[in-house]
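Right, one structure below, let's go through it.
Here the chain labels run A, B, C, D and E in written order, and each chain numbers its own residues starting at 1.
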């Protein structure tokens, strides 16, 4: 797949700004470090030349930011969407979370994004600068010269198991359109399913014990756009600032996964941002896999206006207890 | 902070025999919010209730917990008691320590321990109870009946006789429906017209009934007691109020070859027509697809001969909006198309007909003036074969047939067979059947008469193929009892086509937010206990739109629906169930999940302006629950991702408090 | 348009004219029938049992060959069409069957019923279109009253074959009309001719074939057309004097290439 | 193999569910080979449900079925009796040495006009 | 030292129209089931939020059972169908986390099935008893 260059993005944005189609541009800029790329709103061309970033670390899914930004913006916002981001975009539209008229969506091809932890594993800590070209060149404060690596060797897990290079929503597409891929995204879920309950318990105990309740997963999640989160709402009965007991984190993650079940597009942002590297996407994928198997294939965000499995039913759905029997014994 | 009184009932020895009521009262005394706790032999007795009233006054109670029998037994009683004491009735909670404690546990220690926990849970809940007031809404004292067949007619007459106004909307030019097309009715063999047309006249003459014929419902809004309905009166190009129904226009109309739908296309009508002699309203209608004047601007004969001046070629569809308190659906049925069953050669031979066509062939007002002549050559058929269950009980392919039993075919086939043998004893009549289903008063006797007295041959088996050859229909079928394949050269074959809901029912259900089953029959609010109500409040069901029905059943259901409507319209105000869902607009995301699962269509959305902390105004889509429509199941509350939706009387925090109290 | 063509064994032998006419007419209508390489006999009948694998492999092979070329597969013989289509349906819908077949053919890429299959009649109706066909007719068959005999294999099971309404088909009647002749609808057009049972019980086959043709005749047919060599054989052996020809022969006649085909 | 297992095996081979049958007899009303069968399509269904398969195993009826699929097409319940008959036939043929037709038999019915398809089909139906 | 018998804590969520009435009927018939079962009355099984179940476990419940009307009989026509989907998904998730699948259950009990209600509770209590105390849900986060 041909990469679209940063310059092409800026040129596109500048021309749309100039002809009045949009009044602002939602894209990415550098944060504290070269690999720490964050969403940013631009209104002028110079600003974009100075700050706009488009490289192998632009994992952030911009769809979610439209909810807040469109409420404030006067005119249209241009947003750059990678193929996986377009699913979130549609899902948010299904839920009426922003006004489609206020957005000009430009689809951009994506070859996958880099996982900074994998980069560090090669380069070592203390990254001073990163250059993204044919190869990713990383120099650290501890070593002379730069470590070089292929993007394909340091892909984020979610990009390794990319479900779709196809954009399901856009006003305009840059570069060539990709296809829905036969990803192996459920392999890891299946591996866990094949374990004994004790092994699974041990696995999750290990993983979830790392949780520090920083809420990064929730804050980045494009399905978590609630005006007030239940975990911040005293009337919900599950509000918590500090955990009461050890179960609290567990409950947080189950409830969060349940809340986004049927709405989660499997964009993988939760795992990408987790500072503790908990594979949170596995919880979401477990729900997706179960729903696919029990109620028929469903991809949230594929089109606008879909009815998700949990707000639907058929008269002969399987019983709650039967969910374990489908497809042989997985215990 | 609440001031809660706890009242532990002995229920004689029913509770006190296994639960130490004194200890329960004592244990609950120390629960948060409890300021008074006592026990008594029979809380539900007058003395017991007085005790509660006095305690409320004396201890300035704001909430009450009664530890007694099931709330399904006495919740209403104690709510009234609370009201008597000046408390909001919804400040009462019951701890069920009889059915779910003393009666199922034998050990006093175990029973007492559990009763205390159940009491604690109730106290925890009351602490979070809020006074609830049922919403009130006015009732428009007028009913709408959709469909003017026997079901709609009977419902309308019954409602109107009770003194309420009723409008009937009928899509055809006349009311009367399927029954008007029938010849005789089983099991008494009354003439259908003789018993139906007087009712049609009653409708026409009733001062409380208006008939919108040749009209359709195009929009419905509102809720129980307060519906607003837009009715589309289709242009009939004849002024209904002026036309006298004299028929002069029909006589003179030069366009003669329009298939007559009333006789199912077996003869022709004019471009201007009155469907049948007893039509109500008896008014002519012009068929714009056939009329030369409307198609090409040439002719105008009807206008010239009409002395009343009723013809109006410029008439347009007209929209009428009216308010109603209740809506009755009576959209009826249609026989299914025989297109997919051509093994019976329906499309190949005019002499293969459906049972409804047979009705017209034997009806004195039908295309053959009641003489049984077969359509192809108008000869008297000497051998007739009836085939039952054509398309009914067919599970193999949804687009072909219907999985259900159409219920009426066994009886009308017996009727047809019997009447044929009665009028034409020389006719050989054979019926192929799978099962003969005759549950109903005098039904089986009727069927037996067909075979025993009239000599109708019943063959258990099914026809597999009909081959028209020459002027015969070669019928090949199975006789399962004789274990042989039978071949009959018949002159006429009558197919008992399955019946299905009228095609207009599905879009209507969407407008009404009334639910339907997979076959497009309307769903009843409860299959046993609320069979004539739709789950959507204020929408009632009459006749075959709810499921296959014969005339007696239809008329009884029509009357029952009318009784329900009268009960509703007799009220000046509707008191709702206050335990309904409500959405906190500050938390609602407007995502529509709740509306997806609401079985009653109680949730709508609106854009609302919010003033933000930075003084800007933001517009956000939010959910609104109509408390008059919501029935309080709470399904939306779980679907709501933000927790904005909650259920009054069973709030998230109340239930969590109960869980906490039990698990403490 | 180029399609992969599966003639089947009979069309290479006893039914050569069915084949010749079909190819020639297709060319006129802008479609090239390119014979599949190394095709094998379809086996004549489809065995409905899901655990019968070996007998269906020849169909899978030709389906795969078409898939590899990215072409649709066209058949003319009703029996071949039935076997290939039913096999393809099983490959699409019966997971365990498809898995077994794919395992059996392990050296090759798995096949899951991707190939589009047309019967020649479908090609005429859905790809060429009867209106276009009518334009190409140079020798309209005016005044001929022709009965279309479908038999079983073209239509049933209806859910699988999807060629037409199994109880009230119209494709051949439309073809007859397009060629300028008058179709005669007769109820026995989808009743069995006796099929392979003639080998065991010739009397039964004769009885069935006679019933078909007498019904056609009673409804006024001068001639009956068919797409199936076995039907044609059985019908011709029956006691009737109604001529039975392949539909492609009629097509060739109307398109004016019948003579050249026979040269 | 006991009766019940035999019936179950036949149902498995057929891939259809005879329990869906409502005993309407449309299969036997449709069957063009009815008069040449000892057991008729509806009896196949009923006997297999009842586990009474032995008489079917020794009956000639299975060879009379034309596999014309009329019963399957018209069955209102999707039972498709032809598939059950096919399953019994296969079960018989799969037993060792139970081929009904051999190459020598062909000359008996072969004539000059006979299409190749006829021989192939007959072998599929009458031999393994 | 005598080992104290393990008394499980069971929370049962019952819908008002069918299963709560079924529980009442069990009482009317003086059916016998363990006092470990504590019933919370709700309008419909679809009112049960997964949060309630998790909360119960968090607070020390050893088993949670949901009872609703038989499919097709829901007082609100479709509530239990949604319950069925939600709980199938939730239970599968709990199992995925290694939590004993027997600790959660959904049963459909009609208002006429007092005996079934009691039998269901007896069976469920016995099952949970055999599992022992609910440790996993409480301890999941702590490393051993």
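Keep in mind that, in the parts below, a contact is a pair of C-beta atoms (placed from the backbone, for glycine too) under 8 Å apart; a residue touches a chain by one contact, two chains touch by 3 or more.
Note that the structure is predicted; figures quoted are calculated from it, not measured.
**Q** Compute the shortest path length in steps from subunit B to subunit D over the network of touching chains.
**A** When the steps are counted carefully, the minimum from subunit B to subunit D is 1.
**Q** Among all other chains, pick the one whose mean CA position is farthest from the mean CA position of subunit C.
**A** It is E.
**Q** Would you mind telling me which chain pair, B-E or A-B, is linked by more contacting C-beta pairs?
**A** Contact tally favours B-E.
**Q** In terms of CA centres, which chain lies closest to the overall middle?
**A** Checking distances from each chain centre to the full centroid gives B.
**Q** Measuring centre to centre with CA averages, how many angstrom lie between subunit B and subunit E?
**A** Their C-alpha centroids are separated by 35 Å.
**Q** At what distance in angstrom does the C-alpha mean of subunit C lie from that of subunit B?
**A** Distance between chain centres, rounded to whole Å: 50 Å.
**Q** Which whole number of Å gives the spacing of the CA centres of subunit C and subunit D?
**A** 24
**Q** Can you tell me which residues of subunit E touch two or more of the remaining chains?
**A** Subunit E, residues with two or more chain partners: 50-51, 55, 72, 78, 82, 86.
**Q** Can you list the residues of subunit D that touch 2 or more other chains?
**A** Those would be 70.
**Q** Mind pulling the residue numbers of subunit A that touch at least two other chains?
**A** 230, 236-238, 310-312, 315
**Q** Touching pairs of chains, which are they?
**A** Applying the touch rule to all chain pairs gives A-B, A-E, B-C, B-D, B-E, C-D.
**Q** Within their complex, state which residues of subunit E touch subunit A.
**A** Touching subunit A: residues 50-51, 54-55, 57-58, 71-72, 78, 81-82, 84-101, 104-106, 136-144 of subunit E.
**Q** Tell me, which parts of subunit C touch subunit B in their complex?
**A** 159, 165, 167-168, 185-188, 191, 214-215, 218-219
**Q** What residues of subunit D sit close enough to touch subunit B in their complex?
**A** Contact set of subunit D toward subunit B: 20, 22-31, 34-35, 40, 42-43, 70-71, 74-78.
**Q** Residues of subunit B touching subunit C in their complex?
**A** So the residues of subunit B in touch with subunit C come to 339-343, 345, 347-348, 397, 465-470.
**Q** Quick one: which bits of subunit C touch subunit D in the complex? Just the residue numbers, please.
**A** 8-10, 13-15, 41, 43-45, 47-52, 55, 77, 79, 94, 152, 155-158, 166-167, 191-192, 194-202, 204, 208, 229-230, 232-233, 236-237
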